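Accompanying notes for the structure given below.
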Amino acid sequence: MRYEFTAEEEAFRAELLEWIENEVPEDLRGIGRAASDEEWENELRVRRQLADKGWLTLAWPTEYGGQGAPMMQQVIFNEEMVYHRIPGREPFGTRMLAPTLMVHGTEEQRRKYLPPIARGEVQWCQGYSEPDSGSDLASLQMRAVDDGDDFVVNGSKIWTSLAHRADWIFFLVRTDPDAPKHRGISFLLAPMDTPGISVEPIINMAGHHSFNQVFFEDVRVPKENLVGELNRGWYVAATLLDFERSGVDYPAQARRTLDDLIEYAHSTLGADGEPLSKDPDIRRKFVELSIETDAARSIAYEVADMQAHGEIPNKEASMSKTLGTKLVQDVYGFGVDLLGMYGQLRPGSPRAVLEGRMLDMQLTTVAFTIFAGTTEIQKNIIATRGLGLPRG
Amino acid sequence: MDLSLDDTQQLVRNSARDFLAESVDRLYVRDMEDDERGYTDEFWKSVAELGWTGMIVPEQHGGAGMSLIELSLVLEEMGAAAAPGPFFSTAVVGAHAISAHGNDDQKSKYLPRLVSGELITSLAILEGGASWEAGGIRMSARRSEDGWRLNGEKVFVADAGVADLFIVAARTGENGPPEESITLFLVEASTIENNKMERLESVADDRYYVVDFQDVVVPPDGVLGEVDGGWPLLKQTLDLAAVAKCAEMVGGSRRAVDMTLEYVKERVQFGRPIGTFQAVQHRAAEMATDLEIARQFTYRAAWALSEGKGDGTEVATAKAFLSEKFSEICASAHQLHGAIGYTQEHDLQIYSRRAASAKVAFGDARHHREVLAELMGL
Amino acid sequence: MRYEFTAEEEAFRAELLEWIENEVPEDLRGIGRAASDEEWENELRVRRQLADKGWLTLAWPTEYGGQGAPMMQQVIFNEEMVYHRIPGREPFGTRMLAPTLMVHGTEEQRRKYLPPIARGEVQWCQGYSEPDSGSDLASLQMRAVDDGDDFVVNGSKIWTSLAHRADWIFFLVRTDPDAPKHRGISFLLAPMDTPGISVEPIINMAGHHSFNQVFFEDVRVPKENLVGELNRGWYVAATLLDFERSGVDYPAQARRTLDDLIEYAHSTLGADGEPLSKDPDIRRKFVELSIETDAARSIAYEVADMQAHGEIPNKEASMSKTLGTKLVQDVYGFGVDLLGMYGQLRPGSPRAVLEGRMLDMQLTTVAFTIFAGTTEIQKNIIATRGLGLPRG
Amino acid sequence: MDLSLDDTQQLVRNSARDFLAESVDRLYVRDMEDDERGYTDEFWKSVAELGWTGMIVPEQHGGAGMSLIELSLVLEEMGAAAAPGPFFSTAVVGAHAISAHGNDDQKSKYLPRLVSGELITSLAILEGGASWEAGGIRMSARRSEDGWRLNGEKVFVADAGVADLFIVAARTGENGPPEESITLFLVEASTIENNKMERLESVADDRYYVVDFQDVVVPPDGVLGEVDGGWPLLKQTLDLAAVAKCAEMVGGSRRAVDMTLEYVKERVQFGRPIGTFQAVQHRAAEMATDLEIARQFTYRAAWALSEGKGDGTEVATAKAFLSEKFSEICASAHQLHGAIGYTQEHDLQIYSRRAASAKVAFGDARHHREVLAELMGL
């Protein structure tokens, strides 16, 4: 039992922090949602730097161009990148598609798709949800019909992050409408410039263009772009392959935000002339949120530790996601409250405090408990898969 | 105890519902969010014609002479419709401040124009620290040969860009407790240079400004109430505004609940409406319960202020509760709506942004809980 | 719209308070659970006084010996009785059986059973739940078989409060095992000394004998003791007949407890030498619980107001029960916490503070969110019956 | 980072599980609740034979020389079994205080007897206000010709009725900050008259007493650590005890969760196991999540104290969290059990009563949150 990182792991952290300090200027750091073209350029620039360092695919096995880094190193990397608000990490290619291809792809697919991801040269996006298939993803309806060497795809995908920046999309389609719903789905790949694919932006409530609806109209996808077996796409997608599932990003983000808020509270006087950090209500909230952060981080570490020991976390990963997403909502919500009347000012507004980030992220994080499996679905999973309660 | 609406009140509520259903649709709300002024002349004219601007203005000055209860019924509907515009600044804050604290000359001069919709008012109180306590008011007002000279900066001045008349709190003395040297002034917009105003970009439809008062001259008859006696008057107006804001929030909460109920009945996942899932049902039940409490607290406070009863508990309880619950109801609504409610295209986010604004206006939950602690002798 | 009581209502309150002050000595006031024989004697003594004043059946129609008091008068009565911890009120006869008989009973049944209830001479108990039928009450299995002039009853009832003190029991039995579950139930009355009825005490977690299991072994119940139609007992029992469903007892109890705790906090010094009432955390909790009390009371008043206007509250009554039961749990839980190490001392222990009531009631109120419809069932009702959501 | 148990630790845990499964059943737990001493000689003898009393006692004094981690594994199992007796007072508090702070003579004199089960110890710190702060210690200790004389009353003295040796904190000076004039004494029970003890009736199985020290004589070699230097030592022992209590609470929480899962799988209402209802599932998921966090926090704190790492954050975080969550988990367990769990007959209430006791022992959540606030520089 050891509740601290090893000297080697700390050495990696030190190297990373030094790189951040020396190589990533302050103006490149930020929320990193790549909403503007300028932010996107920054994103790509840092990504290429990460690729050069080998850090973009830190956890990939060496045979596919990764570092085969131990789990805890990847956790440290994620923690520090988030804490310092460094852009450049890329989940869709490096963490979602790549492991899928490593297991389910053909040798040819691996050789074709993995190297550009490792070099940070290609942006992937993920086409899973559809307008009528959210929590009940397996009910998806987008059709792919067999037509000679191709599938012909019709339908639409929604909530597709970065579709407007992406070069390629991996997506799920229904290839057998008569089979039980989980057994008629296939997993395909396509370039975003394939004729018939069009992208419509969706603006979120924070005013950002964060995702899209992607329409497929008679899109021809060569059969060689099928990953895994025909009609087994649900299982290809559902295999829990991610290199790092700990969810440590959330507590790292929360810790950074709390640190910023504590600094603000120390340096800002309340109506009584004392620093806000001496206000008992505010003090108490800081302590509570700090415990909540610590809780989410502890479970994240536990998930990583399980992965490091070759165990497959399931209820723990759902716990981590549930805790982490609630945590960031709570932290930004408190941040907005702490700023009082100023909490309502948007980024860029005159008089905005802490760059308006609290409000912007409070609005943004509304979706965190919804996307990638709602909190309700996560709790269902914990109860049934984790605790063995019977399904309803 | 009788919690039912009388005939007049029902009429007020129904006519508000009818008018807003016709005049304020989602397109109007969205257009106005991007509009510099935030409302159309047509809308404002209709509101005045309906008599809403003068709802709590005494009849002898052209108003309807109604109480905060009736005004709250209208505000609830406006909150439900998310109707934008300077109604709150004018028909609530301005109408009350001048009706309750003005002298006869001031009432005759301003109220008929306010009632007819010609005069838009704005409250300029908050300064740097944005505190709702007396100590936060530091703007200086010095006597001069031509009356008073105001110097200082006000923040979160709502609707300053379109206001004709500002109600300004300034400090007319430096000694004694901060409550005892505050004076209210009526400052005509024409005396302030426009380039002294800067618009803040806020989360909701508020038109908040920073207004820099540099040597602004107020004639002697611009004093509202007594010199050095402004704070108790301002407190009254702030209390009324807090309750009125609660009424808006009740309307917004109601709409968020209704939208959610409608959605979960329609949205099908796993082969059945998601409203059949117990987690959804229980969350909806909690939203509806909070809404019911919110409504009771709000109208009790409106009744207490209208009747001159109560000791402040009703007001502070209502605002403390609503400040938290409107936001929480919206958060629950988002969770039950899933991704669709997170889009700018969907109406729900309009209400959650309104909630973020309303929760801090006229004192946040922390402020009002502190008031309650004092009232409880703690 | 009027958020205060009328002068008449306040006059009744004044009369009641005067009576309490003059006629109910301090040593008769208490929690009133009638656990000991002495407490039970006190209970009966005050009950007879209430009956003499006509207050025991305040809300009964005058034709049955009541005062036909307006709803708000009954609410005030309940509020003050609870606030001052006066024993003597009796729910089973006056508030549950009596209204049922008034609507569903025969004239003969009414003449036989109502007057003794009004005079405070008879104690009823209620036999609804069974070991396998709790939330799903309609699944009850206790059989009553038609045998000439009698029903012969076999089975058992559980959680029967006061069965060990009661003279009579009203209860539900299955008279048609083949009918759909709601349609084979009948409503019967029986003296507790009927041969074949036996009572086993159940001790609760606070150590009190608050309820019982009641066993029926070949118990003969004359058919004249059937209330309403045969096999319609579910509807007889389910008719919402109570004179006063507001649930105002809970906030009244909470208010009294908060008042006691505030007094304690004012007069007790914390580790820092200041009164506990100046501790920011404690202050905040008092304010939050006071708001919560006010919320529960407001909904209770709303329910009463609806009843006063002849409307039938359903979701509002469930809201009131949900809020009120959580409230008292929260208040006693806070009370225990406020007392620190002393919070764990039982009534009667040396050094017990506030008579050990906080702990005792914290343990006791664990059941409040379970009995008479769990909070989960109440929320189901609010959602489906109240908000129109479809049943699962 | 490596959260797994090593072989020794697994062995310790498994043997604790095996022994307790055999020796502590529900009847024993109930019998002991009514028993004056609260345990049987047989049980105590077995515990000593297993080496648990000496788990954290150094090997040269007959102990196992293990760390708080191994002790916590045993305590978790004891908490799960709700095993009663003076184990905590002796094997945690007494063993640590004497092992860590005693001089060689004291260790040789007391530790072997403690390890063998012959010596039961008890901590006497709290006084009237029951504060865990240094300022709460007011008992006077004055030098006399025969050593020291103690005068004052101690409350919540656990297992005083069976203790052979008390670890007593008293004040040996009146000047300076309260932390700097506290001395710890080892007081043999024989020097206290028995009629100076009064048993408190508490919610759980604790044997708490008021002990009135009237002119109790302690010889010079009864000072534990340095004169006036007692507080830092006591703090260490209290920190260790707080974490050890957390380990017990993890065990209790685990049992409450397990009992609940078992029950909701079996209990049928509306024609199906209630564990199929989403409200039940979600509540169970929340209980299990809190349990998982509780476990992580507790073992992290045990590890930190064992390794001499950390700054107190780990201890305070664990106790602040557990103090609230063990009770909350029990409350959820009650809600899911319905009426049956509310009966004395059912085991669940044993755990909810233990929770009510454990939450305040060695500082409640408020106390430890305040510690955290200080550590965070707030």
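Letters A, B, C and D name the chains as they come in the text, with residue numbers starting at 1 for each one.
Everything below uses one rule, namely that contacts are C-beta pairs under 8 Å (C-beta built on N, C-alpha and C of every residue); 3 or more make two chains touch, one makes a residue touch a chain.
This one's a predicted model, so the numbers in the text were calculated from it and none came from an experiment.
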On a CA-centroid basis, which chain has its centre farthest from subunit C's? A
Of the chain pairs A-B and A-C, which one is connected by the greater count of C-beta contacts? A-B
Taking each chain's centre as its mean C-alpha position, how far apart are subunit B and subunit D in Å? 54
Go ahead and note the Å separation of the Cα centroids belonging to subunit A and subunit B. 39
Taking each chain's centre as the mean position of its Cα atoms, how many Å separate subunit A from subunit C? 52
Separation of subunit B from subunit C, taking each centre as the mean of its C-alpha atoms, in whole Å: 43
For subunit B, jot down the residues that touch at least 2 other chains. 277-280, 282
Could you say which residues in subunit A touch two or more other chains, in rising order? 281, 284, 376, 379
Write out the stretch or stretches of subunit D touching subunit C in their complex. 126, 129-131, 133, 135-136, 155-156, 198-204, 206, 210, 268-271, 274, 277, 279-280, 331, 334-335, 338-339, 342-346, 349, 352-353, 356-357, 360, 364, 366
List the residues on subunit B that touch subunit C in their complex, please. 1-6, 9, 69, 261, 264-265, 272-273, 275-278, 280-282, 284-286, 288-289, 292-293, 296-297, 299-300, 303-304, 309, 314, 317, 320-321, 369, 372-373, 376-378
Residues of subunit C that touch subunit D when the two form their complex: 129, 132-136, 139, 158-159, 202-205, 207, 269-271, 281, 329, 336-337, 340-346, 348-352, 359, 362-363, 366-367, 369-371, 374-376, 379
In the complex, subunit A touches subunit D at residues 1-6, 9, 72, 75, 262, 265-266, 277-278, 283-284, 286-288, 290-291, 294-295, 298-299, 301-302, 304-305, 308-309, 315-316, 319, 322-323, 376, 378-380, 382-384, 386-392
Subunit C to subunit A touching residues, read off their complex: 280-281, 284
